[in-house]
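Here come two complexes built around chain A, the first alongside chain B, the second alongside chain C.
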Partner chain A sequence: MKPAPANLTRFRPWLLAVASLAAMAFASAPAAGDALHPGGTFHLARADDPQSLDPVLQQLADDFLFLSLLYLPLLDNTNGVDLVACAARDWNTSSDGRTFTFHLRPDLRFSNGRTVVAADYAYFLEREADPRNASPNFALLGAYHIRGAADFAAHRTKHLAGVHTDGTQTLVVELDQPDPTFPFYYIFALPQEEVERPGDAFARHPTGDGPYMVDEWTRGVRLVFKPNPFYTGPAPRHFDRIEIMIGGDEATHLLMFERGELDLANSTAIASIPEPDQARILRDPRWKRYVERSPLFAAHFANLNTQMPPLDDRRVRQAINYAVDKTRRAASGRFTPAKGLIPPCMPAYNTNLAGYPFDPPKARRLLAETGLPLPLHLTLWYATDQDSIMQAQEIQADLHAVGIELNLRQASFSELNDAAEIPGKVQMSLSGWFTSMPDPKDILGSQFDGRTITNAATYNTSFYNNPEVNRLLDEASRTLEPGRRLALYRKIEEMIVGDAPCLFLKHPILCELRQPWLKGPLLEPLWPIRLDRVWIER
Partner chain B sequence: MSPNSGFFKASLRIICANRLAATGALIILLFALLALAAPTLLRLHLLGDPNQLNLNGLDQDGMPRSPGQGYWLGSDNLGRDVLSRVIYGARVSLLVGVASMLTATLIGVTVGLLSGFYGGKLDLVLMRFTEMNLTIPSILLAMAFTSLIGDNGRVIHLHPAALPWHFLDITLKRGMLSVFLVIGFVSWPGMARIVRAQVLGVKEREFVQAARALGASHWRLIWRHLLPNILPTVIVLAAMTTANTILLEAGLGYLGIGVPPPAPDWGTMITEGQPYFATAPHLVIVPGAAIVLTVLAFNLLGQGLQELMGPRQKP
Partner chain C sequence: MLTRLLTRFWWSTVTLLGTAFLTFFLVNAVPGDVAKVIAGSKASGEVLQEIHAKYHLDDPVLKRLGFYFIQLAHGDLGHSYVTDQAVAEAIRIRFPTTAALTGLAVLMWVALAVPLGVLTARFRNSWFDRTILVVATVSLSLPSFWLARVLQYWLAYKLGWFPVGFFRGLVDLLLPAATLALLMVGYYARLVHTNMVEVLDSPYVRAARAKGASETRVLFKHALRNALIPVITMLGMDVASLLGGVLFIENVFALPGIGNLAVQSVLNLDVPMIMGTVLFSATLVVGANWVVDLLYGWIDPRIKSAG
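Entry: the complex of A and B
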């Protein structure tokens, strides 16, 4: 698993105008792969079981590929930025950008045979908004300010005031403030009668309206999907069966792939073909044509805890940024060196951002200006995966050259995340953010809004608090006009980069290897591996 | 001529008299000389910096360079010189291995001597404790100790908690000191048992009985009569224990709980090189060969010494 699969949530955004146009264009358009390519068993392997198959409890970006098999979202997207109708026949947005109306397809049915109705989507939103369910998406949904969400969360009301249905086929969602990114939030239908079965039955054998349903799930061994007999969704179903072997590591999976036992070499959106094998694969005439790359809406960085000395001095943080060479190993084509936070493939990317070029003399000058006695001693926490280990040692060597001795502290991914969220505990930690939308609101607002620093856990693991940035985040979030919105977010990014609450490292590029017989679009920058869009053609 | 030079000449003669011991000693000497000379070789630019991430250390695909492509033993996954890291790794392995052996020998000989000489309840307690330690695989015990120390270190109070004798506090941080102490603390039980067995035999011999009859103190009996007579066994055991401690140190490094980076460590080098085995096997083979050679050398030395000293132990 990658160092810090940041926002381990799911969903995405972008401009209202694009969304509306896309809705009109795609609502009546034939679905991708309209020509049917049915049949065959798709084989995949992954190291671990999914956390849950309940979309409310699902968190890791890794697990999204399962959700796309089991559930149909109201709206989906292509290329990471274009919204397309899915379970919704069409949708519209009010002129003030606060009210969203979704009209459902009339013929959708769950895998238990029941017809899908608008109330099933309202139930999904209420489950996510209820803190008793401990949904990992609670904060993400909260950022949209659905009307009445605070009262509902405090149990002062029984339902979300801003979510209501108009008959069985129309869902209306009202926000307290305009937000053009709301359509990118994935909303699924959940059958209440199935969810409320005792125990974790639904999380293990969920009932959805997607093309597949769970046939067998033996933890640590196998997860098998079979066709949902009542599926009537807009996109064709391509497989008779999907078998996912659980266990083994990425190197083992690659060997299985090369023997033809798997259809995809890598099954996780936050990893790629193992780096040690990439060059070999790219030189191999048998495989090199089937290597596929996609930049991701993601950023990798090291948090610099702005509340812990000596990192509370901006010059020290800037010096760290100048001291580290971000271009090393870029030749592998697995990442783009980062100048800031917004990835180059995202519409808001700022080509004029200077960032911190590799400049050790400048780093030494900045450190000298602080008057702090050298060497400075800092501790960097990092996860146990190969990429983090290499990254940590590179940073250690670069900082040593300018007079900073870095103590390396390895920890499991969950230990690292938990520790980084505690104020005053972690000086530096390797981290990252996989954004849930093609809009900077997620990557900038979730991590750098100083008002999210509380005694409780926070995504703001740099403990960065700049009142002006906070104010601009509010303003940008409410802004509907696309040009103005992007300009605001670019300004915010410039301010954050100037304050250097992170060591900005890289934007990952997913490198996937598919079998020659696997056809169809697979990789996307937002939710890269889409099994619902590929088929086997031998 | 000083008595020391006489001792060294005698030792050299003993070692040269046995081919196994001589081979082992030669390999150890070679590694030791390289390890000692490494900083000088670095200053003379005959050796690269083991922690330097060289820009040309990776090929156009960002992969390690094979041996010969500007680096005698190739470069690693971060572009560092493997030859330099192996030589600097010898400093870590030999230092930790020998220091651990000394720690284990000190504890093992002390426990074995006391247990064998005094017998009775002390023997019972010490030997049951020793056996308890023997039942736990040393790598597991070492992992447990290492995790107790943790990455942030641990303060060990060598005084009663009620007394403010903080000058007796020892702060153990993850590093060479903690690693050799940990390995030393898990490597003594085997030696203690053998030393005890030797002491049980020697203390019944006539010259010991005679000294006892003449009123020699316990200290004198142990120091002047028992210890010199079990010394050959201890030396053989020490050589073989060093092979084990080096292997254990590499094992801890392989598991990621040995000497922390960026210190070059053979076990860590293997861990880091393992994913590249298909494309850059030198990352595993070179440090692996260094471990095999060193461990083999200490075992050969120990075996040779045993052959040389064994007959003298016969009554």
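Entry: the complex of A and C
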């Protein structure tokens, strides 16, 4: 996929918001259109329950669709890039890019009837910042360096020093260092009295200020939402009821969809339309018009452990990149071959990045230059899902052609994660990264900061450490001027691609199938499926 | 009889304890960190530490096993690591689906297998017998996931005679139960056939015929009752095993049963849920043994008097 100039245009409003250093308020702009399309029951099937409906404990992009039904974030986005006010009436950023002030809508209420106040957002942030709550978002929030977060996490203070309220309608968040991406961090309101009620009442029937509330949740069987009677949010509510049946696999869900029993074929950001059925669906005149695609802010790659021979030789890593054909299966439209790490739909995407085109002769030349005896023997670890299996076999075949014998080692997701973090254990491992913002800070900073390789739980499983990259990562993350920031991240990406700590593979594209009667914008690159924005029109 | 039951009880307890030991050690031997399953791949070191502390994941395996047995002694199967749901509650929610599916399937396959077995024994070596033999062999050889998918595609998706999947009422179980019954009926028809052939050649059946009993009375009153003893043994074991989860059929037809729960728990390395589902299945098998023992006494009074 070519980078879309339109995306760059869309990127400007939020970067300008920072760069202008002015207190700039954004008018609210509901994402799903202003018209009300009431009524009907939305039917969906999923293989699994969401892990949790508590936003502090939610970890998967797949589960975000439930959060958008139950809670209103302070700020939301359209198309993954443009920020819009949601629970906040407006917001502004201080001139130094460290302080964010959010003014709330005065009329928001939780599903228990209580008015939402600024302290409810402060409580949410404190729950996420306290490691005792085991929030999967703890590290992500930590990367924003909220003032006093370290002391709070170590229980030296009772509250987050950098989070305070000004009356009931204003929330102020102060960071230790400037960060223009903070508005993309989703901040929800949580009613402390409900969360801390004894037992697991909140986990089963969470209380939020979103358009819906949980009517019934029988784990493993069904999850049903009904309208929140106190909802006064900015976007219209469309359904009378949302029924999600839990169980089965994607093939069964597709059959049910084709018989009209479901409104959406699938609801996961990874599986979308089952690959074996895709060609049939795209040929079928009934359905091909209703296939919808969206690129994702994500990259798939294979980590190459830069500290383990022979992968400690950059030429070997580059040879691997030249040897593998990344365009194979690209005609399926389910991914874009990768030249680097930043996805094409992200504003910082570098159209001039050459990457590693498929060039086996060049791979052989590079291997010959190393003087290493061929064949080289390497081991690739990969997870048990179908895509990983196919990918691993393709890499094995391509590397065999240039004189590298690849031993395939299949492992469960948790075993793979565990092993990859141990220095000197895993030579190569299939991996990927879904970013949580339309900015390269997350994907580049999390995976390639060499100072994190000594952490017990590091994401840098290539054990890549380039001091110049580390320095530039620090500089880029603090840079507010949009052009300079993009230039820095592009430079960082070029350096990383040159060092080839990964085999750069692909950027996934979500491929979804909807019923003709399901209207409204459904997919976006950041939080892939948005049920709060669609409606039924028969 | 009482001594026999007490001995049974003793060995049942040993079996269940052994199952618990074995499962616990096997699950803990699986590489991987459950904390990462709970908190996700982006979790920080601090969060992983908190989860380890909360679930005592850094304690020695024997110590954790000790805690688990103390918990079991209090009748508590624990809570899921991943969802925090009580294991007993998860099983209670899932069991009715598996039980209904199994019950319906048993009714279907017994209703088919017994008459087929009796008739093929009565008309042995006829074309009817040979046809049923071929059909039974084919049914025995079919992979369950394949048959389930084929029936789902043709009978539910294409023809619309049945719902494609999920459990909203008993109607939704007809096709899954029929699938399961088709997979089992061949074996049971042959089992009834073999035992009937043996019994039909026995002296007391010849005596019954000599006394002028009708063929129907000979087949169903005299012969079948004795031929059913080994069938009931197998049925007890099979039903118990199926109640522990009908894995592929539950998955294809999206039925929220014990089998699906067990598989999901294994994928999540959810130790309390794995232990709960395995112990539940083991208890069912042990319980089925007891029931079969009692049924033996009812069907064949000689066994009761011998006990």
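Following the convention adopted for this analysis, the second predicted complex is superposed on the first by the 506 of 538 C-alpha atoms of A that agree within 3 Å, B and C clash if a C-alpha of one lies under 4 Å from a C-alpha of the other, contacts with A are read in each partner's own complex, and residues count from 1 in each chain.
Following the convention adopted for this analysis, a residue touches a chain if its C-beta (ideal position, glycine included) is under 8 Å from a C-beta of that chain, and two chains touch if they have at least 3 such contacts.
Small disclaimer: the values here were computed from a predicted structure and weren't measured.
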| item | value |
| --- | --- |
| Partner chain in contact with A:372 - chain B first, chain C second, else both or neither | neither |
| Which superposed partner A:495 touches (first chain B, second chain C, both, neither) | neither |
| Partner chain in contact with A:394 - chain B first, chain C second, else both or neither | first |
| Which of chain B and chain C A:161 touches, first, second, both or neither | neither |
| Partner chain(s) touched by A:251 [first = chain B, second = chain C, both, neither] | both |
| Greater chain A contact set [chain C / chain B] | C |
| Touched partner set for A:417, first chain B, second chain C, both or neither | second |
| Interface residues of chain A shared between complexes with chain B and chain C | 251 |
| For the chain A and chain C complex, residues of the former touching the latter | 45, 48-49, 51-52, 59-60, 131-132, 134-140, 142, 153, 200, 203, 218-221, 245-249, 251-253, 255-256, 258-259, 261, 411-415, 417-419, 446, 455-457, 459 |
| Residue ranges of chain B in contact with chain A within the complex | 51-53, 55, 58-63, 77-79, 151-152, 256, 260-262, 272, 275-280 |
| Chain A residues touching chain B - in the complex, by the definition given at the top | 251, 274-280, 282, 328-332, 334, 384, 386, 389-390, 392-394, 396-398, 400, 407-410 |
| Chain A-touching residues of chain C, taken from the complex the two chains share | 30-34, 36-51, 54, 82-85, 90, 93-94, 149, 152-153, 156-157, 160, 164-167, 250-256, 260-261, 264, 267, 269 |
